[in-house]
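In what follows, chain A forms one complex with chain B and a second complex with chain C.
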Partner chain A sequence: MLVDFNFRIIFEYLPLFLTGLRSTFFISLVSISLALVTGVIACACRISGIKILKYPAIAFIEIIRSTPLLVQIYFLYFGLPTLGLRVPEIQTGIIALMLNSGAYIAEIIRAGITSVDQGQLEAGTASGLNYIQRMRFIILPQALGVTVPPLLGQSIVLVKDSALLSLISVMELTRCGQTMTSERFMPAEAFFTVAFFYMCIYFCLKALADWSQRKLIFREAY
Partner chain B sequence: MMGFYFSRLVEIYPFFLKGLWMTSKIAFISLVTCTLIGVILGIFRSGNNIILKRIVGVYVAFVRGTPFVVQIFIVFFILPDWGIQLDAFSAALLAMAIMGSGFICEIVAGGIDSISKGQWEAAASSGLTLTQQLRLVIMPQAMKVILPPLVGQYVLLIKDTSVISVIGVMELTRVGWVTVVRIPEGLMVFSLVGVLYFSISYPLILLSNYLERKMAVQ
Partner chain C sequence: MIEFKNVNKWFGKLHVLNNINLKIPKGEVLVICGPSGSGKSTLIRCINRLEKIQNGEIIVNNTPVHDKLTNLTKLRAEIGFVFQQFHLYPHMTVLQNVMLAPVNVKKIAKAEAKKIAMEKLEQVGLTEKHGVHPAQLSGGQQQRVAIARGLAMSPEIMLFDEPTSALDPEMIGEVLDVMVNLVSEGMTMCVVTHEMGFARKVANRVLFMDEGAIVETGTPNEFFDNPKTDRAATFISMILTH
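Presenting the complex of A and B:
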């Protein structure tokens, strides 16, 4: 039980956990930035009226959303070499996370854009505001409140999803737990420490998400 | 070569169907248990008992704050240390129940909280007991808020069953993983796995979209 929980071993392995934490940070940051770009592009294609762009974007989003991330990771991990592409595991993982989160982000952005009423734009134009002013004062304050909190939610999901990269032997936080378990066979110490670090990241991002929800949400001015 | 592997893949197709059956079994059992536990926890979470509320809050924070892989490892590796022996299948179900109920709890609690306090008071002053208030007045109204995200969560839970492959349960992803060793055509094998997952989760996604539209109008 937890009575013989061995803290000394955790301290001994702390440097390993910290490199794992740094690696998780790095993977998450790179993936979320790339996913944002992917999401914006996919969303732009999705809402454009051009059929040649629209249908591939819909197919991409729906396929990603209805298959598990692990299958996507394995698809790239085992699939890219058969195409003759030798990609390091970490890059494969980042590509998988990018595509996966990109599809979700595309849907989040689309929800944000469609939430702003067309009449608002027209009212802005009628009030004599130019394009930048319309964006600054009318569209963005409303769209951001709908978009930013779920985007932060998605980044929480992405950090947790990056744990799956441990299965294709990327050296990140969960993998460190596995390493420690296989070296010392102390699964309780290893995985509770890993869980603790993930919880720290979760609480930071959650606080940020809650704050953005309070700050950015559009209050109708009556 | 492609053609050769393709015919091999067709040969072992029943193996994939077995995996699909296993995935559906795990998904079905865990969806039912998750919903039951989740609803009960959700009622506690939105209730007035501060202690219960806090305990459920900590549980939910743990479930939402840590990756599902880590939770599976905790259930599968640590419980035996504490004297609870589980085979892979029941460990998988337990991990799914823990994870899913945490997420569903939040959805249910959100739904119940969205009902105005006046409804509780009106129900209480009509002489209904607490269970009756919940069952006859609050829940029917909260259902509108709960149902669309609940179905969306079901899709996520079905997809999360793929992670169970790490502890060696022979479900769809594991079948793909075992097959790719013998048939080194990653794209083909995991496309097949993906198509099979798609066939389960896409109908649910459509249902979720439909419910969202339907509930939004009212």
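Presenting the complex of A and C:
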């Protein structure tokens, strides 16, 4: 029970966990940034109406959404070398997270854009605004408010998904727990600590999401 | 000013505009009426190419509207359009709504655009509301802002697609008053509406459509009192007795 809980060993392993935390933080930050770019591009292609852009984008989004992330990670981990690409594990992991979140982000952005009433676009068209102006002045200001909270939600998912990279031996937070377990056989202490650090990241991001919700969501001004 | 030559349009199999020939001279106020689904909204939406046509030709101010080379921005800047559902931009204030197109399409300096916008808001009687968001306005006020937004581009033609159909009865009058004022300024107007009072008061001509075709045209009094076709007579008796 809790009396048997060995806090001393947690402190002994703290430097390792902090390296893992830093690694998880770095992987998540890079992945989510790249995923955002991927998502914007995929969404732009998806709604472009140009067939050679639209259909590959739909295929990408649907393939990612219909398969488990772990399968995607393994696919890249074992697949890329057979294509002659020798990519380090950490980069393989970042690519997998980028593609996975990118597909979800594309759909989040698309939902934000389609949530804007089409009639307003027609009104813009009728007064002579071109496509870019309609996007900039009418759609994006309204779409941005509704997409920021789900984007932060996706970031939270990505941070937790990055734990799967431990399976391709990326030295991130979860992997540190596995290392401690195999060295000292104290899984309860190890994964209690791992969980605690994930919770810290989660509550920081959640605070950001709540703040953005209050600040950014467009509210009808009464 | 506006001319339709043998215009046909299909939505899939539905023949929504059937061989339309129509001339609207400068300064004319044309009221278009007809049963739901008769193609009257589609007809005016073709004038600024919100809808494409499959054959025929529409000419506005000597410009072929459905020609690939036509400068649509310039064409649309000359035509104001008022929608049934107003379609104001909810994230902008009334003033920003009215200024958006003059600043970004006509590239008018902001100070000048603001002056124009305030003039147009005065014309629709809403100067004091310039700083509020559309959600704070009644339906009638929103529609008047939408009219001001159209007028801010100094158009030569104003198109109205059922401008009072989404309004509560007590707000219809204020919108029609604004439109009557526009008529007295000599604006060329096409109005899809069933407001008989408005048509009788200011329209030069009433056009009755059914199943995509123009069935009958005439002066408002001729049309409402002595319709030539049975179809029009039935329609008028229905809007009178509802």
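Here is the rule we go by: the second predicted complex is superposed on the first by the 197 of 222 C-alpha atoms of A that agree within 3 Å, B and C clash if a C-alpha of one lies under 4 Å from a C-alpha of the other, contacts with A are read in each partner's own complex, and residues count from 1 in each chain.
Note that in this section a residue touches a chain if its C-beta (ideal position, glycine included) is under 8 Å from a C-beta of that chain, and two chains touch if they have at least 3 such contacts.
Only a predicted model underlies this, so the values are computations on that prediction, with no experimental measurement involved.
Asker: In the superposed arrangement, does A:29 touch chain B (first), chain C (second), both or neither?
Answerer: Neither partner.
Asker: Classify the contacts of A:160 with the two partner chains as first (chain B alone), second (chain C alone), both, or neither.
Answerer: In the superposed model, A:160 contacts chain B only, not chain C.
Asker: Contacts for A:69 in the overlay, against chain B (first) and chain C (second): which applies, first, second, both or neither?
Answerer: first
Asker: Which of the two partners, first being chain B and second being chain C, lies in contact with A:85: first, second, both, or neither?
Answerer: In the superposed model, A:85 contacts neither chain B nor chain C.
Asker: Once the structures are superposed on A, label A:142 by its partner contacts, choosing first (chain B), second (chain C), both or neither.
Answerer: It touches chain C, and chain B stays clear.
Asker: In the superposed model, does chain B or chain C contact more residues of chain A?
Answerer: B
Asker: If you stack the two complexes on chain A, which partner ends up touching A:202: first (chain B), second (chain C), both, or neither?
Answerer: first
Asker: Give one of first, second, both or neither to describe whether A:129 is in contact with chain B, with chain C, with both, or with none.
Answerer: In the superposition, A:129 contacts chain C only.
Asker: Quick check on my understanding: which residues of chain A belong to both its chain B contact set and its chain C contact set?
Answerer: none
Asker: Applying the document's contact rule, which stretches of chain A touch chain B when the two form their complex?
Answerer: 1, 62-63, 65-72, 74-75, 77-83, 156, 160-164, 166-167, 174, 177-178, 181, 187-188, 191-192, 194-195, 198-199, 202-203, 206
Asker: For the complex, give me every residue of chain C touching chain A.
Answerer: 48, 50, 72-74, 76-77, 79-81, 83, 85, 87-91, 100-101, 104-106, 132-133, 135-136, 146, 149-150, 153
Asker: Show which residues of chain A lie in contact with chain C when the two form their complex.
Answerer: Checking each residue of chain A against chain C gives 117, 119-120, 122-130, 133, 137-138, 141-142, 218, 220-222.
Asker: If we count contacts the way the header does, which residues on chain B are in touch with chain A in the complex?
Answerer: Listed in rising order, the residues are 61-62, 64-71, 73-74, 77-78, 81-82, 155, 159-163, 165-166, 173, 176-177, 180, 184-187, 189-191, 193-194, 197-198, 201-202, 205.
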